[in-house]
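Data first, discussion second: the structure below is written as structure tokens.
We call the chains A, B, C and D, going by the order they appear; numbering starts again at 1 in every chain.
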């Protein structure tokens, strides 16, 4: 199935892209995508969990199981206000 | 109406948006770019945002605070892009017949915005630019 | 500067009076004439004041709140005379590097003004005029 | 000795004057002036104490002993803000 990964702020800078289309196996969880990033980007390796995770614009636990077409965002700690 | 803007925030207009003849109190909060942060000098801040989710989170905060304080009229706007020292990044206006709910609602909104709305700031100082908070390093 | 005025209060000017480059937060409160009070309709309010003692009490509040929250810059003004529904009788602006002290100082000032400053309001409604509160009867 | 009595808002309306010069005996207390008003103005009779008392623009207890030249104010509960 296909999911879309969105990256913001410092995460986008580290990965060098704000969006990725990914082909993943059924049953893939958000945290599996995070672990993929940790392998590719050593700066993320120390972080066993993403700061925050949103699927389809709602905050979820990183263990959330993804479905085809989901939009997954890893969100650095927010600093608005 | 959008909770986000790329232009300077008009505090007076936000005030007028909430005031009703039955209101005896206005509590207003403005978050402003200041010239320092954790000991570092700050010249400007760039506010980045994930707009669709930010709008959604802010609408949720609006609805939930309004439900908790039904007498309060609420308006708030966050500014995005590059802001100089002294410019307001967020303004929150809460009016109510009595002051207690207006103060409490106003405070609750800023605390919640800072917790969940996907907005990030990158500070620029004499030593360069830096994302505030978690930096993945 | 006087803490009392006979003219409409300029919220923006009061804001500008307190903001310093080191301030990240502005908490502002406005008390406004509302169209009802304890079940009675209100058309206007006349604010009477014992000016010399009111100035003295307000200066005392200013100094004591400033001493309690040394990072906060404070400005507040009470309007006197005849005010219509929707007009501000008092505006308090508190700015600070961080929001907590700004909110707390602002709230403390309005509570103290309401307790001790010799200002009295006479409400005018469809049934005539009446002093608010103790009426000696 | 001489003292000046100031009256505001509803109290001024009841008494019909905002100011009075009074000749009083040494040792007179603020509350003695109040009791004088209670005798003259029946609407005040039920109130054993004035709402608030100020001498020379400072809040004091109504039992404060007055001195020559003092400015005594009986202050209805304030309603500013």
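By our rule, contacts are C-beta pairs under 8 Å (C-beta built on N, C-alpha and C of every residue); 3 or more make two chains touch, one makes a residue touch a chain.
Just so we're clear, the structure is a prediction, and the values are computed from it rather than from any experiment.
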Could you please state the distance in Å, as a whole number, between where the Cα atoms of chain B are centred and where those of chain D are centred?
50
Between chain A and chain D, what is the gap in Å from one C-alpha centre to the other?
73
Between chain C and chain D, what is the separation of their C-alpha centroids in Å?
26
Going by the contact rule already set, what residues in chain C reach two or more other chains?
31, 110
Touching two or more other chains - residue numbers and ranges from chain D
none
Once you've mapped the touching chain pairs, tell me: line, ring, star, complete or other?
line
Write out all the pairs of touching chains, ordered by chain label.
A-B, B-C, C-D
If you look only at chain A, which of its residues touch chain B in the complex?
6, 8-11, 13-14, 43-44, 47, 51, 54, 57, 59, 73, 75-81
Give every residue of chain C touching chain D within the complex, in rising order.
31, 47-50, 52-54, 56, 78, 89-90, 110, 113-122, 131-137
Chain C contacts chain B in the complex at 11-12, 15, 19, 21-36, 85-86, 88, 95, 97, 99, 103, 107, 110
